[in-house]
Amino acid sequence: MSLQSPSSEQQIEMLTQMLRIREFEERVKRTFTEYPGVIRGHTHLADGAEASIVGALSHFKKGDAALATYRCHGYPLALGTDPKAMMAEILGRADGICKGLGGSMHLTDVANGFLGTSGIVGAGIPHAAGAAWAAQIRKKGEVVFCFFGDGASKQGAFHETLNIASLWKLPVIFVMENNGYNVVTTSEQEDANAAAGQPLAIKATSYVMPGVTVDGTDPLAVAEVVGHAVARARAGEGPSLIESKVYRLSAHGNIIAPPGVPLHYPEHEAITVFGKREEYEAALRGDPVPRFRGKLVQSGILSGAAADALNAQVAAEMDVAVKFAVASPFPALESALDNVYA
Amino acid sequence: MSLQSPSSEQQIEMLTQMLRIREFEERVKRTFTEYPGVIRGHTHLADGAEASIVGALSHFKKGDAALATYRCHGYPLALGTDPKAMMAEILGRADGICKGLGGSMHLTDVANGFLGTSGIVGAGIPHAAGAAWAAQIRKKGEVVFCFFGDGASKQGAFHETLNIASLWKLPVIFVMENNGYNVVTTSEQEDANAAAGQPLAIKATSYVMPGVTVDGTDPLAVAEVVGHAVARARAGEGPSLIESKVYRLSAHGNIIAPPGVPLHYPEHEAITVFGKREEYEAALRGDPVPRFRGKLVQSGILSGAAADALNAQVAAEMDVAVKFAVASPFPALESALDNVYA
Amino acid sequence: MAQLPFIAAIDAGIHQEMRRDPNVLYFGQNLATTENHEFVAEYGHDRVRVTPISETAEIGIAIGAAMAGLRPVVELYMAEFMLVAMDQVVNEAPRFRYMTGGQVKVPLVLKAGFGFAAGWAGQHTGSLTALFMGVPGLKVVVPSTAADAKGLMATAIRDDNPVVFMHHYLLTLEHGEVPDGEHLVPFGVAAVRRTGSDVTIVATGWMVNRALGAAATLAAEGIEVEVIDPRTVAPLDLDTILTSVAKTGRLVVVDQAPRHATVGGIIAADVAEFGFSSLKAPILQVNARDVTVPYSEPLEAYVIPDEARIVDAVRRVMQSGG
Amino acid sequence: MAQLPFIAAIDAGIHQEMRRDPNVLYFGQNLATTENHEFVAEYGHDRVRVTPISETAEIGIAIGAAMAGLRPVVELYMAEFMLVAMDQVVNEAPRFRYMTGGQVKVPLVLKAGFGFAAGWAGQHTGSLTALFMGVPGLKVVVPSTAADAKGLMATAIRDDNPVVFMHHYLLTLEHGEVPDGEHLVPFGVAAVRRTGSDVTIVATGWMVNRALGAAATLAAEGIEVEVIDPRTVAPLDLDTILTSVAKTGRLVVVDQAPRHATVGGIIAADVAEFGFSSLKAPILQVNARDVTVPYSEPLEAYVIPDEARIVDAVRRVMQSGG
């Protein structure tokens, strides 16, 4: 199966989406200090995974669906969700994409194909398979993208779902974003394959589906691997497991503090828990966003000036989003009683 | 690692235990017609799996433990539990091994190392791993035998437990009795590996432990394979997954009938549901019990007369067990209130 | 009207909706394993499938399919098997509509038998209805007659929310009159199974029959019992119960679960708040004894509420109060 | 006596028992990942281990280890995470002793935070205590002070049965006086947090503080509220509650869960049976509104019971009745 490689235009679009996600996450993070207290609970950032998200979703077509986890800011941005509505949601405001009921962990935008997220590790994996069953019945070649972390592959839900997806040849692409950590636990500490130095994609063996490991910091590499999986799924040949190796550039989430104490982002656990500053700094040196920008500039696809303009455009967009969100009112109290039942 | 093959004496002991299990199960089954109504609920028989059970437990030493499922009559017999107390339990009597509180699905005999069973598919697998952790801490080279069905490998509990057992190098031997069916569902209908014609032992790949498929109708073959796994576990090298291929010679369980309608055993589902009488009859022709008897007689380890004597001895033993059970009184009503808390 | 066993009436409800709406799916373990399976033959494998023993994935898949526009019915056989997937039942299915600000609907039915006190011992006999009753976003149905089994199943399938359909396993082979043709029973409307002026009994599932049996015995003594079967416990038709208690002044709740795990207790607490002024006597509970269900027949019978204990409670409640 | 945060008091209880008994294990996710982890350093990896995100296996392993003679404490962080392993919690751990006719003991502690109404939205904020309360064979502990956190944890570890230790997440950083040295708080003994003669309030966890706050407000109006914290809800010290209601004649139960999923409702039902003759007024409930917990701060505050709603309920219960 040969796949067309992305055109220059598509590559610029990829970079744009990566920059948007990065900028959005930077602004979320800064909000903790710029507007202390406006973000509550637990927020998880996608910085470091931009290339993986954008590369995978470069194959998304209208009618497809994507589902993910609490670490969910990146996908809807790439799918076209308005960052104003996303930021307002993260601030719990009336203009939030989920009316302030969901918050950072549950951003959802059905109109753009982002069907939902679960905050329970692994629990969303079967949801994606269910949506894929619906796609299979519709017989229009639509597929479902299922994003989850390396840690989630230790939940029973992962195992049960991949077996069924394979048996039923469901059109779903399981994208495991392997960032090497489950909070403060390394993959080697919790995964038998990782402990033996094996890729996690080997787990596909139990489910008789392709299992591929890819450098998740390279959007073109991800796009290629996922492209094959998507083509397979659209052709009715069933699911695939893609292990996309990324590094999260922030801590697992903002710190958990009692009410009153302002929340904030600590340093990455590689540093705070394991004392492996060099590991983190190596990841920073390989930061996928500047790297892809550099690649496009170097190869002449984008001029330095055009790249700078993109940066500025994205910064302005996200600045508007933050201001919009901060200015958005809180929902009416009684609105808490709506939307329990359909 | 080379293993001593069983002596003649040991082989005769194996046959004896196989005969005892078979006779016990035959008597349980006959009880449904001989004493209608005395057995209640759902009873699951081990006929067909005798060679696997006995071969595996031929390595059991004092201090080891075994855990299993609702299909649990075979193991305690092989471990030395009094069949009178077992039969009395199956009839819900005061002399039952569990005081009539557990019944057929929950035979337990801690004194003989049979630690417990769960009636929930897959749920007992982590219990075995927990007992293995205790053995690991005791550092006496003790191991735990964990028996479950092929269907159970589709539960999340299987996946989660094997990963941890591998990471922690727990001294546990996972024996999957693959009888090709989960009630009326064939393995090919519910397992991606089976659907692809692969052995289920391949699942060990995800857990970086040995995964071996063995003919579970041959006690010596099972003993050899399990022997290696046990040696490995005793040496602190961790768990193994053994897929032991058997065929259950009865239906999944007695029929489920409303109160008042006498329970009984229907024919095997291969016949009643799938119309594959030949499959069942081939299994009958390969019945492990007469086959092993024939092998011992043919090789001169046992004379035909001695074998007949064994049969008679076992029949007498189980006859006593049935009579004992039928004569045993019901427990006092208030005894239902005991044993809730320790 | 046809005489049907309860279990066939449930199937009739599923058929009614599957014929009407191509979006309805039916799947679960140990069904649809051959081409001549009743549902496979009629609706095909797009809509009817056998699953592995994987409740978490089964229910999770139902949720995803529902969010994508389908109406899955999951056959779970025994309510206990939902426990391995409890997160999907109480913390996924009923949460999505709310958390997404109303962007999605999650119409699905989880069909599960319960209360199989027929020698199934400690792990298969539970009466777990109360575990689901209080979860916002979830609806919980407990039919006690064949007609309701059909009509409530059909309504459950048409409902746009996740519904736990708890059918009592000891009722499955009981026969009853079942309306032919389209039959729907509304949610949130209790059935008064017997009218009476002295004592109100509220019971669900199998316990409805035992309550009616007790009521017959008591009638011979001149005590007139009103027996209310809520039919759905979420939503709960508290009004019908309060109206009855306003008349009788006395309430006995009967429930097959152990005391602190009952639907009956929850209802009693509601009446102790909203119907207090009607009460002439304590609200008595008749529940299972506080133990795991034992295997042995006489012990099991001793543990599960029987007519004698219900009769006794009614007599006691008649003696106390004004 | 030392001033300790609640969370440190729990740890002190675990340390107390781990030092005393080499059979006590402590494990769970995201702990013990380095050699200088406090518990690893002191007790070593035989007894302290990090697990993958595998609650079913974690709790199942605890059960097996307990049956084999050990005393595991499983760190689960949030009560919701038990839902993926609910079968192990309610249908395995508490069943084995009974089903084996008393052959095994299953001493283990499931440590889980709950009620984290601090912006954690729909899936991490539940108040799930009532799900566990009615399961025979299980004990359920809900400390509300740092001292009890230590003493109840220690008692839980010494108990020979499975214990669900539910600590309220919003209390974890609250400081309190904690006894030095060996400290044990018995199960089944409620604490009367404030005495009063007019109205009895029963509350657990974080709601105890809100009830005390309301009581202070009401005292200024001349209404004397008695606040009872059951501390363990299984076993439940109903006697202390009934004694109080015998004195006050009025009961308000406060619970952070939605109405039909509360410990408070279960207790109200018990009082409606066994304390009925003491009651001068309806038993009022103050609960969360019947919704999934919303993310947005004002909405969350609107949904969770606050002091104002408790004060209001007490005033209402004072107005009704004789």
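First chain written, first letter: the chains are A, B, C and D, and each begins at residue 1.
Here is the rule we go by: contacts are C-beta pairs under 8 Å (C-beta built on N, C-alpha and C of every residue); 3 or more make two chains touch, one makes a residue touch a chain.
Just so we're clear, the structure is a prediction, and the values are computed from it rather than from any experiment.
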| item | value |
| --- | --- |
| Chains contacting each of chain C and chain D, listed by label | A, B |
| Interchain centroid distance [CA atoms averaged], chain A/chain C, Å | 40 |
| For chain A paired with chain D, centre-to-centre distance based on mean C-alpha positions, whole Å | 36 |
| Rounded Å distance between chain A and chain B, as computed from the means of their C-alpha atoms | 46 |
| Residues of chain C engaged with two or more neighbouring chains | 51-52, 54, 56, 80, 83-84, 87, 91-92, 98-99, 121-123, 136-137, 290-292, 294-295 |
| Residues of chain A whose C-beta touches two or more other chains | 96, 98, 100-102, 106, 118, 120, 123, 154-157, 160, 163, 167, 189-191, 340 |
| Graph class of chain-chain contacts, one of line, ring, star, complete, other | complete |
| Of all residues in chain B, those that touch chain D in their complex | 65, 67, 96-102, 106, 108-110, 115-116, 118, 120, 123-137, 156-157, 160-161, 163-164, 167-168, 338-342 |
| For the chain B and chain C complex, residues of the former touching the latter | 39-42, 89, 92-93, 96, 98, 100-106, 118-123, 151-152, 154-157, 182-186, 189-191, 257-259, 273-274, 330-331, 333, 335-337, 340 |
| Chain C - residues contacting chain D, complex | 56, 80, 83-87, 90-92, 94-95, 98-99, 121-123, 126, 130-131, 133-137, 234, 236, 257-262, 264-266, 268-274, 276-277, 279, 281-285, 290-292, 294-295, 320 |
| Residues on chain D engaged by chain A in the complex (per definition of touch) | 29-30, 33-34, 50-54, 56, 80-81, 83-84, 118-124, 170, 172-174, 289-292, 294-300, 302-303 |
| Partner chain A, residues of chain B touching it in the complex | 154-160, 162-163, 166-167, 189-193, 195-196, 198, 202-203, 205-209 |
